[in-house]
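Two complexes follow with chain A in common, the first pairing it with chain B and the second with chain C.
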Partner chain A sequence: MQPNINVVSLVSIGRHPQSGRARRAEQDGRAVELGLTLAGQSLTVVHAGNAKEPVLRQYAGMGLPSLTVLEQSEGCDALPVLMSFLQDKSVDVVLTGVRAEGGESSGMLPYLLAEKLGWPLVPRVAEVLEIKNGEAEVLLALPRGQRRAVTVKLPFIASVDNAAQEARQTAFGPGLRADFKVLNGDSVVDEAASQWQISVAKPRPKRIKVVKAKTAADRMKAATAKPVGGGGKVLRNESSTEKAQAIFDLLIEEKVIR
Partner chain B sequence: MSDLSSKDSSLDNLLRRDPRAEWIARNRLHPLHNEMLQIGGVEVRGPSGLLRKNPHVIGFIGPNGIKRIDRTNTSSASLGDKKRSSATKETQLPLHIVENPDFYIMVVADMVGGRLTGHDKDILGLAHQLVAKRNGAVTLVCFGDNKETQCDLAGVDRLVHLQGEIYEGFAPEARLNALLQIEAQYKPDYWLFPDSVHGGMDLACRLSARLGERLAAQAWQVNAEHTVCRGASASQDILRDTPRILTLLEECGDAIDESRHQVLPMAIDGIEQTTPAMVDKGLIAVDSNAVPLAEAEFILSAGNGIHNWDQFHAAAAALGATEGASRVAVDDGFMPRARQVGASGTWVTARVYLAVGISGAIQHMQGIGQCDKVVAINTDAGCDMVKRADLAVIADSEDVLAELIQLAQHYSLSKGQEEKSDAA
Partner chain C sequence: MTLDWLPPTLIGVLLVLAVIGAVRRINLWRAGQAEKVDILAGLMAMPKRYLHDLHHVVERDKYMSRTHVATGGGFVLAMALTILVHLFGVESHILAWALLAALVMMFCGAIFVYKRRLNPPSRLSKGPWMRLPKSLLTFSITFFVLTLPAAGLPIVGMLPEGTGGWILTLVLSALILVSLSEMLFGMTWGGPMKHAFAGALHLAFHRRPERFGGGRSTGLKPVDFGDGVTIKEVYGVAKPTDFKWNQLLGFDACVQCGRCEAVCPAFAAGQPLNPKKLIQDMVVGLAGGTDEKYAGSPYPNVEVGHAKGAPNQIITDGLVNPDTLWSCTTCRACVEECPMMIEHVDAIVDMRRFLTLEKGETPNKGAQVLENIIATDNPNGYSPASRTHWAADQNLKVMKDVKQADVLFWVSDGAFDMRSQRILRSFVKLLKAANVDVAILGDEERDCGDVARRLGDDATFQSLAKRNLATLSKYRFNTIVTTDPHAFHCLRNEYGDFGSDALKDVEVLHHTTFLNRLIKEGRFHLSPLAGSKVTYHDPCYLGRYNGEYEAPRELLASLGIDVAEMERSRFRSRCCGGGGGAPITDIPGERRIADMRMEDVTSTGADMVAVGCQQCTAMLEGVVEPRPVVKDIAEILAGQLIEETH
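Our next item is the complex of A and B:
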């Protein structure tokens, strides 16, 4: 745990992928978990929306003494209220998920906040290694399980990837007992989004394999040919040192050996 | 003004007929009849175009006065000069030319490993749908290494290739500055990004936030007026007006496959770079066996040809490869079931797949269908894995693995020393 830093985790209402019921959002839960390891009990967890939403108790049940709700009605833009909330305080780190599980889920919120506040944004964080002397060293989650170390000056905004530490279990009783601070701000309706037509997602058509052969012989070849790479290099009579060197050169050229 | 200009190669394949020669060949009373048949070059075709053969003129009279017929066709080379050229000739696709384009569509590609991904190619295809016969240029913006040799076939009219140390590795701020300069200079009609974890989505969000324009995320049906996006963790479709910045899902369009494009480089004037707030400290070594097999980048896979299993594990550790196995190795109990590659195991997507002692059953080949580069070490030169491999080594696995371990150790030692001398 790092002393004396102010960490804010932003949480939203998730959606269960099978049942579609409201739940603790996967990545937001991880953002709270990361916030708890960074700041412990002094973590501030903020939600913009309906304070009566029962799912918020699931976040509170992770061991939070209190939770801040910026009250606004549905269809409102969360950006202005969060902006005014963050500007007032001296915050060092803001943690969010990469994408919300409801609404547009464009993942733009952390970017817009970072742009407005003029802070750097660190995308897809897996772990915060350490924070000292006003600088943080974080690990980014890359595809294929790779990690990249990046240093960034405080204050910054980070979106938390699915590779981060899984959110702890929530406890029902402490969740109910947690104290909710409800703040009323001026909420702005998202005009552009109200123009959209929203429907249940249609299954996307599968791409059909089209054989664009001009002649019957070509079609026959396309239907019967074995998918072979062709033109591969074969080493037979070289010494085993040369063979190994050829393989090693290919591995280095493809940058899989570091 | 898209102009399809190319030489029609089908003209070369046309059969040229000489009506006069055919007429002489038909007319036995013609004074030139015998000479014309002696030349033999005349193919006589009936009215329906059917090839007619005169059995009386087949062959020649040998030195002893006996008619000889050469059925091996060795001396008939002179007869074949009018035959159709064989189909092996490479067909040249028509070239799509864009001169002085009225507008640009920028496609910022991921270029994983320096090559266009299937996702990138789909987006280039979609960009051409958005051009829709107008005089616009589809421009590929790529950063860092460009190993792609087939940009012209993927539909790239113009290319902005930004190279240099500042764009290497994790450099979203430097890349964003470059995109802003492109925006100022060319004012593109659309900015298209892949909605991917390789940095496409990140860059799109940064550009959108900086320009203050709302983007459409996870779009999958796009035309000039409307866009359909996935929302709410892919449970909803959102129909909206098409914005200028889009991040696109996979298979959003069809890749270009019937034309060549110019790939003309475009110049970008002085890009203003600022000191980045985030400093890249490089990739971190991860435990390669903790990476799920399905998404591992580099797999060392073992089959029936491995006898020294300790050496195999040592090789995987030295090379930093994720371990895989064929079904035989798993059934014999040398590797856990979770490591099996193939139809009843895991379908892998590795960039480099190093198969040691695996002959390549069809179920195994299905499992490695998506791998880019396959390297085989095998004693049997005729096996399927060697045929599929980009590099095949015909040798006993034990010797080659021993050499590979040594090479890897030397490499890491020399690299460690370099870093030490850099630090000093």
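Our next item is the complex of A and C:
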């Protein structure tokens, strides 16, 4: 646990993939878990939405003495209320899931928050190793169990990957007893979203998996090895201009910018 | 004799001390939670409960039951008469002779207690219990000699006068002090004789009075969540004082005979549970102190002497390791076997409730299973919309369409498991052969809540129970039949606590009972099963929980099978290891319970074991081959069904 840092975990209402029922969201649960290991009982957990939603008690049941709800009705944009809430406080770390399990599920919230607040964003965090002298050493989760250590200045926003420590069991009693601080801000209706038509996604046909490997060793390699792209280049000793040029060329090549 | 006043004074003083001890002890019990008990009716019923119900259990060990009648009966009679003759000095030859007779009876009993203690079985506690037969013998001999003068026997004349007289009185007084300290002082101050005092009151104020007179009371008591507005300080039992007062009294009644330990599957498997030690730890908790003085078998691989407890100290903080509580399969073998009718399983689940509801510390897969049950109404997180996939080809009526049927088939979560589906299909085949008007709830059915409840999550259990009852109340049917004894138990014994009429006038049956009726009515015909030796495993939740031992055996008999009974069958059946969420919490031991049960099966020489429960099937089939074949009775019957050709 790190003393004297202000950690906020943002939580949403999840949706069970099989039953479609509301639940504690998988990644948001991990964001609370990570927050609890960083800040313990002084962790602030914030939800923008309906304070009466029973699922919030599942988050509270992880041992939170209180939970802050920025009350707003359905169809409102979570971004502005979260923005003003975070601006008012001297927050060091904001933890979110990578993407929500319901609604737009675009995964844009942490990016938009970071942009508006002007803070760095660390995507897909697996672990926060250490926070000291206004800097945090963070492990990012990469595919196939790989990790990358990065250092980031406080305050920052991090989205928590599925590779992070699983959320602890929620307990019924503490969940009931947790104190809900309900704040009424000016909620803004998400005009754009209200225009959208939402329909059930059709399951995409699955690509048939052709196993080319002849031996067990081949299969093991196929399952574990890094995909080796032919086009990749490692630039270490080049000047920053050259590095930037390489990135720029790649972005054009991949048609990210035209 | 100048010291004539000494013996009566001693008796008086020790009686007063005993009363003081009794008040102290009663106050320890009163520290527990309030529970409504009919005090007067309980006290009135107590002698009958002792003579009939308790003795019925003790009678399973004939040696001990006779010994206890002689010793206990002799002592109670002798003590009452001693007070009259020696304390109040009632001069009556008849009373004195009666006292002598009672003492002789007690002496004879005590001899047998002594004999058994010469080479005691490991299940018996040693320590102070080893000196008890000596105290009993001393008591009977001392008071015999002391009573002789009162009976006017010639031996009085032979007593030496003067110095000899008061030496004899002194010796007798010393012996009185020794024996009465054990019998009276020890009774209320925590000696071995405590079992008589606490036991008698425990019988009078038992939490499940329905058990007396041959009744059965096995459903767990619900947690009171109140009206949902006021929130209690704690759910479940955190500290000894969170138990009901008569539960605390029940713990104190333990005689440490270790019959529970001898039948406990977890203890035999080397998991850290011993029901006797657990009850003794509860006594340590309610009285305060450590378990240093405990002189019985420990929890397997746990050293005795390090457990500390107090009435207001959290039990799992230093008194009992949570692993001990999670090792229990809730098979009720200990409760069935306890001569004091102590409710071990209630206590264990009460403490589990605290661990799950308050601490969120259900071990291993517990948390995941509970989360799945909450989000999908089944423990494995399958889509609730896929619940009826198993019956895609069964052409079963669904209640939503037909609204009423004679029989409602409660499918249970076996619907999601491919092995259990074979049992379900076999049962449906038999129902169809018998032309039963049957329907299922289809996707409207939910987990019965058994696992959630045994894992301590009574909130989820109650939520499931209420929603299931709401669904059931929409439809009309006369009978519910299920192939799962756990669902059977919940529906029959536990759903009644939630104020719903859905199951009013509805008969809840296990499929073996139901099939047995159909066969007796001649609704379908079976060809005999020849050439295999079959044994039958009694599922705990069918047998001990619901008393159904006969129907499965009659069904097997109808196939011409002569069941090769296991040594532990019927009420002594050994658990398969699958109950109480034990496969989910999976506390490590030295052996697996299922392996031990399969050894029981193998030792009968059977090549097939018939079962009436999908959990048992899964557990027993999990034993490595070669082993006898495991089949549900429905499967065996379906295999022998003579199908009419048209």
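One rule holds for everything that comes next: the second predicted complex is superposed on the first by the 204 of 258 C-alpha atoms of A that agree within 3 Å, B and C clash if a C-alpha of one lies under 4 Å from a C-alpha of the other, contacts with A are read in each partner's own complex, and residues count from 1 in each chain.
Please note the rule applied: a contact is a pair of C-beta atoms (placed from the backbone, for glycine too) under 8 Å apart; a residue touches a chain by one contact, two chains touch by 3 or more.
Note that the structure is a prediction, hence the values are computed from the model and not measured.
K.L.:
After the superposition on A, what does A:G35 contact: first (chain B), second (chain C), both or neither?
P.N.:
neither
K.L.:
Look at A:P155 in the shared chain and tell me whether it touches chain B only, chain C only, both, or neither; answer first, second, both or neither.
P.N.:
A:P155 contacts neither chain B nor chain C.
K.L.:
Once the shared chain is lined up, is A:F172 touching chain B (first), chain C (second), both, or neither of them?
P.N.:
A:F172: touches chain C, not chain B.
K.L.:
In the superposed arrangement, does A:G97 touch chain B (first), chain C (second), both or neither?
P.N.:
Neither partner.
K.L.:
Check the residue A:G49 against both partner chains and state whether it touches chain B (first), chain C (second), both, or neither.
P.N.:
After superposition on chain A, A:G49 lies in contact with neither partner.
K.L.:
Of the two partners chain B and chain C, indicate the one touching more residues belonging to chain A.
P.N.:
The partner with more contacted residues on chain A is B.
K.L.:
Could you pull out which chain B residues touch chain A in their complex?
P.N.:
87, 113, 169-170, 172-173, 197-198, 201-202, 205-206, 208-210, 214-218, 220, 229-241, 251, 257-258, 277-286, 290-292, 295-298, 319-321, 351-352, 354, 369, 372-375, 377, 381, 386-395, 399-400, 402-404, 406-408, 411
K.L.:
Write out the stretch or stretches of chain A touching chain C in their complex.
P.N.:
It comes out as residues 16, 18-19, 21, 23-24, 61-63, 168-174, 176-177.
K.L.:
Which bits of chain C are touching chain A when the two form their complex?
P.N.:
231-232, 234-235, 356-362, 366-367, 370-371, 374-377, 381-384, 457, 459
K.L.:
Within their complex, state which residues of chain A touch chain B.
P.N.:
Its residues touching chain B are 15, 17, 20, 99, 101-108, 111-112, 114-115, 120-124, 137, 139-140, 142-153, 156, 192, 195-202, 204, 207, 212, 215, 217, 227-229, 232-236, 240-241, 243-248, 250-252, 254-258.
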